[in-house]
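By written order: A, B, C and D. Residues from 1 in each chain.
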């Protein structure tokens, strides 16, 4: 096995496909968005990525069946004249070491380059450290032209955010992508950073849907967002309660979302 | 020397051998079980595995003789019409880094694949964080068919355990095993997680013996379990005693078990 | 991509070029000095160095444009009979692991060796743990002859400083440089070690300018130094103020310098 | 540069040379002993070992001259009929990661194997956690025959020490040495473990000198031991003194020994 092992589900011809990346991270925004996009577009399995840069771990389904942690590439061919072919990268983990991040990103970019990708969008959360009522979508892009183009879709480019740059896969895909002649944009949904945030993922996806010219039904994601609101409300009430009152396990519930 | 160095004791032809893995981990259950199985089946040395993914360490015997830390493959040919050939993986350590876990597991799977292995059982402890009177054997398997087959042997598949999946060699052997066309099961003996647990190892081995259709004498393992009970009882009594009373070195005794 | 990836901006013929290294470190002295030298000499881009030994990070400009973290080689051809060709190594990070430090340093030395480099100067800060009014420039060199030669430029060789040797790129370039038949000197500006120190960088550069026989205008660096003085003064005053008085964000300002 | 880079000082023919290893560790016993042996036998430089598994560091001499951290192989040809050729491994550091330990040890063994080495002695300290008046020399060996042979030289084989085995280079050289058909012994001088211990190094060397049938003058090492005693005495007195009395910098003095 190589350090990064790619198991192909299908050999497919794509036309100028756009890569969309969404992996676990702040508020799980990127992963929530990519998984939702994959589901709603009916994207098909393209390849599974195993790597020694992931934890040595299998997940176990409720039925007791194991699955090695991985990242997945899915694809969806455009169905109308305005729709482009799309490749989606989702998965259980980012690489767990800096070297692993580089090697994984580089390998996925190489594969997507061979499939004809010249453009990519990376999805992430941006932690504001406070409750966000209406999340804005912040942006960073590989060229001034892309920055301008994104502003038309409502993406906010803030002079000071993100101050320290982007750390992790969403930034690295843009940075290393330039070595593969790819241009791209990182879309960051504002989030508190305290728990998984479907509402922020929805904000990001709404912008991305406009960019990709695809139509997506957001009701399931809104349902998830309301569930989080309900739990957050329970936690808030619990914290207001006198200390001897029994505490419902609201915090635990949060673990099941996302 | 390669990153993983295999020193063969014997070149042997095996027929459709089953791999049984049991390495140090929670309650040392997997290691206790694999070592006991190896001893009671009279398994013969097949290969010793040295690796830079183990600690830089030698053990010293009571006589003063050194031995480099390692993992060992042993084998035992089936003696009756119902008995299958068995390969047992035991050892001093799991790989001490995530990358090391992947590389070691991958190498052992590759070797066992070449020896004809298509089926594997991994043995582990499952920490419940409380005293376990009668340990159940929990399971996880690579396919729904295996899950069903295991239920007949009394293996418990619990919807929520293990919640976060399996981390370490026992999970990874199942996960990576699929890349070598192997199917398998992880058998996890419930244990407190506080000390080495021969009783949990016994529970796991009793299930495994039925699966492998081999007969094993458990009296030595039961002896070890009673010794642990005795020491645990001494610790319990010591903790009940007034603080100025002399404390027997019961906790230290625990170090000699297993 | 290799572990260290070099993207050439230009293929250039240099004559016996001197390598000057200045990367982030104590008081950011080396980086400040190398960046300033690069700017004032009008050095041209030679190569950009990307590596998995850097963090997986992109910086985002105020306009929202991303840039993968890197090191840069620049060059400047000597313009007079006394001026030598110069290569400057600057960048965002040193390697973030010991192995990474060795691999990056070795690769840059190899490249500079191919370009004809036989002599190098590394720039660094030396933390004294106290306020330094007039920073001295301490030295370490690869030969007794170089030590003597440096004394004429005012470089101080202190018997006990640096006591534990030099850790990081500035030392490693000298140490590994010997394997490439290079000789060199580390110039260390004294600094408190508490914040970025343009004054220490200026002291280092003034010595280096004499060694390189180049003329540099230091007014911008002096401006930066005064700005730091002003902020440090504000902090000092804030700390003298009664605790209920409002605190200006002087400490935050420090982040913008350098 | 390779991960481990060997720079030969001389190509030499040796006859059945014995390898003696002594690197920094507990009480610096191994390093003190190997450095002293090298000096007193007048051993000549054989090779310098640089590696990315050492820290990225240079030492600076009192004169200001840098030296990259390294390990060194020295050799000394036997001068009488009973004296064997000897190779001594000394140095600044052991490998700073487990993988580094394996790679460095393996490389030195490989080199010494090519030079004809079949026998090795590793020197170390054994921390007892209490003041040791007359240090015993504990042993561990690669075979029962070696254990018996060592007992005649006064080496103590204690049933429980070292309980957890030997961690680090001294153990690893014995363990990996078996893969190169080498047999050997680890000689461990008892030491408190609190500071560098020339007396323990002397005890180890006295045993080794008998084994190697060489004659060594121990007066310098005894001088060092007395200096340590004197400093330890000063520390002891300082700790007995009332808290407001001025404390001489005795602890600091300890840093200069060894």
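By definition in this document, a contact is a pair of C-beta atoms (placed from the backbone, for glycine too) under 8 Å apart; a residue touches a chain by one contact, two chains touch by 3 or more.
What you are looking at is a predicted structure, and each value in this text was computed from that prediction instead of being measured.
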Handout entry: Farthest chain relative to chain B (centres taken as mean CA coordinates)
Key = C
Exercise for the section: Note whether the interface between chain A and chain B is symmetric in residue numbering, meaning over half of all numbers used appear on both sides, and answer same or different. Expected result: different
Fill in the blank from the handout: Chain centres from averaged Cα atoms put chain B and chain C apart, in whole Å, by 53
Handout entry: Inter-centroid spacing, chain D versus chain C (mean Cα positions, whole Å)
Key = 38
Exercise for the section: Report the topology of the inter-chain touch graph, choosing from line, ring, star, complete and other. Expected result: ring
Handout entry: Contacting residues of chain C [partner chain D, same complex]
Key = 95, 98-99, 101-103, 105-106, 139-144, 147, 157, 159, 162, 165-169, 171-172, 174-176, 178-179, 186
Fill in the blank from the handout: Given the complex, residues on chain B that touch chain D span 1, 5, 7, 50-60, 62-69, 96
